[in-house]
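Got a structure for you, questions after.
Chain lettering (A, B and C) follows the sequence in which the chains are written, and residue indices restart at 1 in each chain.
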């Protein structure tokens, strides 16, 4: 079974993923059977930074399970503006709601929230750090469209340096047998070294290439990503890179018949609207799979009872990541763990 | 039956209007009978510009049918701020919701959205262009308060140049027998020439007058409108015109006993609060009729199945209206149709 | 029974309070029994100034009764921005909803709204004036944690001059036998003279002290309050006072074993996070009691039927309080009542 909270998909096992994705598939087939499964239950969507799509997906998931939704989507309108700590907000809201989906700009914030919550916390994105329900969505899509998680040639294209959905998907797919990665980007936007290390440790073959066109014929799955303007240091850098990798009719002509193209959305122009009607484009279907993924997740997590997690001991020194939640809210016990030679923060993992 | 989408009330027949307004009347009488009619269904209210009243009316309508609601009311909080196209938003949301009510500042946006939606689209206002559910509300009010759509002397007062609700109501009432229009405004705020043409083609008598007091004794229906500050070019122009046509006790003393006064709301000061308790004032009742109108509409439109409309062919040249949705989102196929001698854009109708 | 509206807790009797708080206690014990009590009913939360916590508490209360919720939380997004009066908004919304919870920055606004509403109005805070559901929450907490409203030694600490929750709680507790008050603040932040008069008229003993530590051993109840930044005239004044009264481990060591500590939340740093796990801290429980208080209130108020209150006569001269609602919306009948020697405004009570 899943842990009490969903902070990082890596915290749960491949068996958990199989169970959740199978349940999602069953919900997709028999939605009527689940339409009152969460009757009388309340989901709180606490969005400290706005993300309409993700918030609507969670809301719809809960409504389709027969439950209801409270929450906010603007930190300026919330008690936060009166100086309230994350702890106090979470303690109060966990007295109102049965489950919480939370998005926050600070790395590690969902993990910190889980220390104080009496109900399950779902990490709906903590800054540039983790976004596990997107990866779960990707897995449900692969199960639905490919029927398997293994023996796939997976291309990832675009901003591979900053894209947390890319990192998370690679980490997940490394846990299955026979997958192969083609990492398609400019040298400036390559995946970070720690991801390369994870791939190498898994034994999965990979290559880093510059050309999307060249990679096309080999791929079973192509994961396109937006070059997010807000991740760039300057407007010039953004403009220089953004147009480089656009998927269009010419490139699609090079691909297998059973390729599937995914995208975490929103797209800007990295997939031409000219190919939207190509049946291999699955990124709109992917958002529906995301709905079923979140329904399955909420359903599973609500099987547990109310609790408060035992508090970890403060280890006395600060995390060096300025965007870590522990640098903003000082009562949170600072915890580090050993990874190989060095220590990483248990919240933001830097 | 209604079309799949409600973009423009003129797209549907007088028989459709009779059916919807009759259903609205039945819902008003027997609300309990309809209170679970949309159980398990989801309405998305996509408000790209805020309109609390209209949004609350749609939300209440869906809730009173036993359904639920998702949506947004602030474009700055939405994925739009990350550069997402209308098409992508609509494709995704039509995977979440069973029906969409959409308000957008660009003319033709609802029509464009209907090309990509898998569920019915209701136009809840596309800039200064159309607002069909307001006109449907007016029809339901006329049926409820007058019992008929024909043989009425209808006064329209205020900003007749910019008021889309006025234009739409005139176009609707021209389709019934024996109606007469008195158009009450300053010369500067007269109805535009194309509306005059529609009246003349219908054969309905009309006159344009300056004085509200003079018109009062003849009227069966008086439709007051706000002089909308945001439709004016300058603050001076606004101040010069806004106080000219105020409905007060003296003017009401000149009117028939069975006059009804309507107003699309919000009012500023064009109807004096001193006459609010006059039983001929029906503008608050009108908002309740609006609720029943929207309930009837949602109910009817949800009888249809999921689909995507066939895509029209792009005709290659641009619309000249800078506020048209096709001038902002370039993938939308540009379509024109002949009206008399000249061509008009199929989206914004200019 | 309660009045039709809840504007001021002082308008209802001790018997009413007993009935509501008993009902809240029963809901807390048997929530399942009440989970469909408001099925098909709609609560409108009209928040003219944002207050996420209070709004979420009302929303959750209605959802847990099986009802649904509409509303807004941002005046800039509402029709108000188009110049609509409170009267018109209330008339329209009371045609949509079965009950309204309203927060507004002007004193007396909820009272004014009640003149025009066809459904019950709950005052969810009218500027610095009244916030009766917070006081009801405090009463439900006292019943749950102390089992009584009388014979308590109650300390109130922090900003006693500006804190409306403090004033309201004192007024409420003065109506029970044998209560004693210790008012803990700097001389600058003492309770206003009219509150002292109320205490003296009730015959309850009280003292005003500077030291929280000295007061601790005597207390049965300690009501801590935030020094609200927005109530201060300058940033300097805020900084000078805010750190003075902080509840920490040393002070808690001086207190009785059965002390309970309450706080209306949000807190900033007036209660150290170090004492959060002390079982005498009841301020998070208090927010759950607040949920049951609001559930009980909604349930009771919805037993009544639709109506419009008879309109009071305008008394012709203006209220002198610049923050009073009658100074902003001029159609509201100006009404004053005699209190002792002088007249006070019936809306803002100044």
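Please note the rule applied: a contact is a pair of C-beta atoms (placed from the backbone, for glycine too) under 8 Å apart; a residue touches a chain by one contact, two chains touch by 3 or more.
Keep in mind that this is a model prediction, so the values were computed, not measured.
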Query: Roughly how far apart in rotation are chain B and chain C when fitted on CA atoms, stated in degrees to the nearest 5?
result: 120
- prompt: When chain A meets its copy chain C, do both sides use mostly the same residue numbers (more than half shared) or mostly different ones?
  reply: different
Task: Would you mind pulling out the distance in Å between where the CA atoms of chain A average out and where those of chain C do?
output: 41
Field: Multi-partner residues of chain A (at least 2 other chains)
entry: 68, 74
- request: Going by the contact rule at the top, pick out the chain C residues touching chain B in the complex.
  value: 40, 42, 44, 68, 70-72, 74, 76-79, 81-85, 87-88, 91-93, 95-97, 331
Chain C-facing residues of chain B, complex: 35, 50-53, 56-57, 59-60, 63-64, 68, 73-74, 226, 228-229, 265-268, 273, 276, 284, 287-288, 291
